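Note sheet for the following structure.
First chain written, first letter: the chains are A, B, C, D and E, and each begins at residue 1.
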Amino acid sequence: MLFNKRTERIFFWVFFPLALLMPLFLAENTFFVSKLTSIMIFALFVMSLDYLVGRCGLITLGHAMFYGLGGYLFWMIAPEYEAVNFWVYTFYICMIAAAVALIIGFLVLRTSGIYMIMITLAFAQMAFYFFSDSIEFGGTDGLFIYVKPETSIFGLSFFDLDNPTHFYYLCLLSLFNTLIFFRILIRSRFGRVVDAIHENPGRTTALGYNIFVFRLMSYVIASALGAYAGYLFTLQYGFVNPSMLAWTTSGSALVMSILGGMGSIYGAILGTFVYEGLHYVLEHLTEHWMLFMGALIIAMVMVFKNGIAGSMEKLLEKRT
Amino acid sequence: MTKLLDVKGLHTYYGESHILHGVNFDIQPGQAVSLMGRNGMGKTTTLKSILGLVPPRSGHVLFQGEEITGLPTWQRMRKDIAYVPEGRGMFHNLTVKEHLEMAARANQKGEQHWTCERVLETFPRLQERLTNLGTQLSGGEQQMLAIGRALVTNPELLILDEATEGLAPLIRKEIWDVIRTIKSSGISTLIVDKNIQVLKELCDQHIVLVKGQVVFSAGSSQLMESLDEVESYLGV
Amino acid sequence: MNTQVSLDLKVMLETQGLCKYWGGLKALDDISLQFFDKQLHGIVGPNGAGKSTLLNLLCGHYKPTRGSILHKEEAIEAIKPYAFARRGIGRSFQKTNIYPGATCLENCCVAVQRRMGGSFNILRSRYTQKVLDEIASEALEKVGLGARRDVVASQISYGEQRQLEIAMVLATSPEVLLLDEPMAGMGHEESQLIIELLKTLRREYCIVLVEHDMDAVFELSDQLTVMVDGQHLTTGSVDQVRDDPRVKEAYLGQGDEVF
Amino acid sequence: MTTSLFLVQLINGLQYGLLLFLIASGLTLVFGVMGILNLAHGSMYMVGAYLVWYFVEHTGSFGLSALISAVIALLIGILMERTLIRQLYRRNHLDQVLLTIGMIFVFNALQGLLWGNDPLGVAVPSALSSAIPVTDVLEYPVYRIFVALFCVGIAALMYFMINKTRLGMLIRAGESNREMVECLGIDIRKLYTIVFAIGVMLAAIAGVAAAPMSSIVPGMGEHILITCFVVVVIGGMGSIKGAFIAALLVGLVDTFASILVPQLSSMMIYILMAFILLIKPQGLFSS
Amino acid sequence: NEQPIKVGMMLPFSGVYGALGDATRNGLKMALREQAAQLHGRKLEFIEIDTEARPERAPEIASSLLNNSEADFIIGPVHSGVAMGMLKVLRGKETVMIVPNAGAGPVTGPLCSPNVFRTSFSSWQPSYPMGKVALDKGYKKVVTMSWNYGMGKESLDAFEESFTAGGGEVVKKILVPFPKTEFQAYLSEIASINPDAVFVFFAGGGAVKFVKDYDALGLKGKIPLLGSGFLTEGTLEAQGPAAEGVMTTLHYADTLDNELNKAFRTSYKAEFGKASDIYAVQGYDTGLMIASAVNQLGGDISDQQALIKALGETTVKSPRGDFTFSAAHNPVQNIYLRTVENGENKVIEVAAPALADPARGCKL
């Protein structure tokens, strides 16, 4: 059983069919399609963070480093005016990000708890200032990327990235795959150990697991996916900016994942959609959107005990 | 004479699971009372219900004739109840000395029989460990500290949950001696323990719990009479 | 030093001049002991004698200040903590140390899976592993928790958690069992169950048992070591130790009333 | 670098470090000692600065305004704890993150509504407005020296309170095991309300003290927040002494890095933190 | 034509840049209200979105205004990074984008585009003339200082360009990490170098802090402080007496002696209760520019090419003095030398008349 909770299944069967049909309703309004695309991209990023924080207990405030890295890496490795293959570059970017994560993870995973939050923040800030301070990378103004990769596999191309609707489906597919991937991961034997480490690392060591390796693997996986999200973001508008790496980006992602329900994975989608949705609605309603946003966040923490997913589960699981 | 503690019809739940099914008993001033039962029968839950750590859904707790059912835990403890919890409840960031100093106070009558010094005399082992942090103590040392910390609040009623667990025979004996001293000085005690041998000699009143219900409640002499029955409840 | 032990017994674990200092405190001072295969070695001593510290060193939880630990004649004091368990040194904790959020079965499954491998398999479902479940259930049965296998560990009582603790060690099927006060907090019946269990296990494993329940220790031990204040006081058969006046003075107290 | 410049920079570093300590002191109390992850700490720094500006505009007296601001901050702290923070003690730490981020939004919005977005400034109180000449060109303002001394005072007071008094022990015990503290007959809820409010007040006082020597702008709290966390964490959670030394260290490193390795100066405190945490994963003085 | 003219605004209304966003919006709305008669009866609709000065959100908001709101004019932003993000979406489109502040060189340089206009300045413009001013005052050795970001660096480079061309020497260039405001260490170093003058670029809260620190540490009065005009725009009240005597160059000054400016200042003060600053003027001019183009086209702005042409040819009658647009759509305007006196930016002289940005890299 891939989804062991009823809520999860309901969510799955409501969200994905809806998302699949959405562009049909929004055909004339390209903006909403691209807005939804951005939200899905960010949801993917939040999901990778949710896995780290919620499932592995590795709280990081430096995850945006990989998000930004995904973008900058593309700029760095892609030849400027030539067409490149999307899948090949996805592979490259994930691999390089994974390699970076391996090194950084090796260092940061020696600490835990708040110390880990801070040391991940430290590395992310270093990366942030590295990109903001260097002229080669466009400094604080960021960079334009003129390459739009093509997406053919063995000569067959399903997506045209310049078409917002196609790009939308690509991102939806990515989100879908990521969710399924994490579910499989959690359900696996590897996932069992990850859960065990989260709950009681000391005991897990005493049982003979090298918890460092498991944590490192999780960190690498989540970071590679984070970078993938950043890469998608960059592709959407062809623009990278150091603010992608800023701690506030990590912070927002953390907020969305807590809001969605830590560790539930699908909650990341809920959290991102609710947060971004509210943000969008409020900022178009009033200039004082912050006040309402803040008040709503506070109200939601008070009402939802374990995030939106947790509260939904409470409602839906009881009856079974 | 008013009862020191009067527990009436406690029903306690953890979430949906019904743990205590109407627990009734009382303690007279100066009495030592044992609370026995096998693992998971609800002894700790009973204590926690009395102290308000796990609020019962129904039932009453009276202390010195006063209703304390709805009060927050700290107010109940202020009425001179002290508690040595199962698992000891050490503070990982306080030294042994600080554990005692922070807890020390005179009781409501203004008496202060137990001071930090007296506790350290009673448990010389702690004297040597004064600057260790609570969790850096050996299991037995933690137990001594937990009892010491309860004593310095100079209670009328001392509640001990498995206080001799993990103690060496000599120390265990010492603890029982301390409890005897406490008892003789007029402090009431409510003791949860496994050691029926000691309890039957030490306590005036015995209560046995099975599945959240009191199945036996009587004085020592009756206990001797129906020892077999009680032992079967306890699975000895 | 140990007369009673016959020569065909294999030394499983050995300490040589093992020391552990906490700042100025000598929690363990120059301890040299041998633990034999298929024997139960009891360790007793007053509170704070360093028994748990010794077990913590033997299972790699702490690093010794000085001295060495030999497992099957190989020095292992420098290897990583998890590697101790991989060599077959399993350990139960004095303070309950389980996965409170998982079911009892799942608790044991984590342990079994270490041995069965496949922990890096990120595709294979953990729920379809009958063998694993069976071994885990077996371990639960052994300690008498069979009926509680699907209850979440935080919801079982303290005594039951102590039982689970032992089941988890058994589930790793170690060669050496380090048990730190396994019976503490258990009821009579449960203790009896564990004692019976240990009786069968002691001919299969090398067991080091730290326990304050004297009846159990006397009944179970093949050899008995007494420690006081981090020092080794004596090692010998149960009878030798029981009658040693130094032991009476330091630990048991005079007379027979063992409370 | 000449010796005199070195000395001047040393003083600069120490003075900045001390100010950092003042800002971080409330955080040490609330986060380090009590274990509450209050991200709105920076907002209270901002609120302190705006409040003192507001009252100076109306009363003209800096001292009086400082006092009123501190009291208001204390009340805000009590209100925050009573109505919101309190509900979350039993919940996951991360819920506190969410809650206090919500508060940041609210505080920022209120600041915009009440005081607008223009940068504001408060004049140095006249009694302290003189300066001591240091070199031909450079002089040192008396107010900054005064603030530095004030910070030292606060540090000493806090160290004493947390480590030596019964109150301090109770606070620490509460972080470790709330239930047990209650079982000793102590009203932990009230205790926590008060201590939390003091932490909030300290943040506001830091804002008050900093107001005359900096600019009062929207978002001034968020930037300083991260630096405060750096200080608390380098020092080791819960250690006042650690936070104090860490603050000085950060102050000095930041000052000297600006001059000696300007290319790296933006990253320097993070490099410092990473370095320290890799060597001492629990910070310098954690218990 | 019943359809309202849709004016989309992407400005920061909160945070550090909030004040700039507010002032720009105020100016813009005020101008359009005053010029209502010129709009040929067309109504206005404003769509205002807070950018939070977050560049990574810029493309999305821009595309929202473009595709969802279908705005006729997109006004923004304040922050250069955001400008880049907007450009990515709007460059080469038909919809007109008008930048009311961000000075980033590329906007009207290598990335210039027919539909993109700027009513403010390029970072080069206000700083370049100061080099000559410094030389005229006889300063030979100058320390320059700013935040380490695009606008700051471009400003310092522009100053250096004219200053070194005339034989001056920049003895030290200090780049402070953005948004750090701990200036004490740097000022101590400047004091030890003791140059003839200091040239800086800072704005907003940082400018307040810098000017106050400069004074508090006793440098003022000993080493003259020169700056790009933003140092004393919107900040004078907060800086108080510390700002007196600071000399800056900018395309505007409070005391510019023309009727338009006086009228603008009085009505702005009356309407919003506070003094206007350069940001308000830039917003105001953006409004004027729109109004005049609409007027020219008789209210029909459906032909985007015509609109762009009309905009490009307008002469904006601004409080800062009349200005026109260069081929790259950047203003060609006077730069004034100002000094702070009694809490006001007083004009001393025109430092560079009708100065046009070199627009390096623009092919228009």
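Keep this in mind: a contact is a pair of C-beta atoms (placed from the backbone, for glycine too) under 8 Å apart; a residue touches a chain by one contact, two chains touch by 3 or more.
By chain, with names taken from UniProt: A = Amino acid/amide ABC transporter membrane protein 2, HAAT family; B = Amino acid/amide ABC transporter ATP-binding protein 2, HAAT family; C = Amino acid/amide ABC transporter ATP-binding protein 1, HAAT family; D = Amino acid/amide ABC transporter membrane protein 1, HAAT family.
Because the structure is a prediction, the values reported are computed rather than measured.
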Original post:
Among the other chains, which touch chain C and chain E together?
Top reply: A
Subject >> Set of chains whose contacts include both chain C and chain B >> reply: none
Original post:
Pick the pair with more C-beta contacts: A-D or A-C?
Top reply: A-D
**OP:** Could you pull out the chain whose C-alpha mean position is farthest off from that of chain C?
**Re:** E
**OP:** Could you work out which chain's C-alpha centre is the most distant one from the centre of chain B?
**Re:** E
Original post:
Per the centroid of Cα atoms for each chain, what is the distance between chain A and chain B, given in Å?
Top reply: 51
Subject >> Averaged-CA centre spacing for the pair chain D and chain B, given as whole angstrom >> reply: 43
Original post:
Could you state the distance in Å from the CA-based centre of chain D to that of chain E?
Top reply: 35
Subject >> Mean-CA-position distance for chain E and chain B (Å) >> reply: 75
**OP:** Please set out, as single numbers or ranges, the residues of chain D touching at least two other chains.
**Re:** 108-109, 112, 266
Original post:
Counting only residues that touch at least 2 other chains, which ones in chain B make the list?
Top reply: none
**OP:** Send over the residues of chain E in touch with two or more other chains.
**Re:** 13-14, 148, 177
Subject >> Interchain contacts (touch definition) - all pairs >> reply: A-C, A-D, A-E, B-C, B-D, D-E
**OP:** Using the touch rule from the top, collect the residues of chain C that touch chain B in their complex.
**Re:** 22, 44-52, 94-96, 155-160, 181, 184-190, 212, 214, 250-253, 257-259
**OP:** Give every residue of chain B touching chain C within the complex, in rising order.
**Re:** 14, 17, 38-41, 44, 86-87, 125, 129, 136-141, 143-144, 162, 164-173, 176, 194-195, 197-198, 234-236
Subject >> Partner chain E, residues of chain D touching it in the complex >> reply: 2, 4-5, 8-9, 12-13, 15-16, 108-109, 112, 116-121, 123-124, 131, 133, 135-141, 143-144, 213-220, 223, 254-256, 258-259, 262, 265-266
Original post:
For chain B, which residues count as touching chain D in their complex?
Top reply: 51, 53, 72-75, 77-78, 82-83, 85, 89-94, 98, 101-103, 105, 133-134, 149, 153
Subject >> List of chain A residues in touch with chain D within their complex >> reply: 53, 59, 107, 110-112, 114-115, 118-119, 121-123, 125-126, 129-130, 132-133, 247, 251, 254-255, 258-259, 262, 288, 290-291, 293-298, 300-302, 305-306
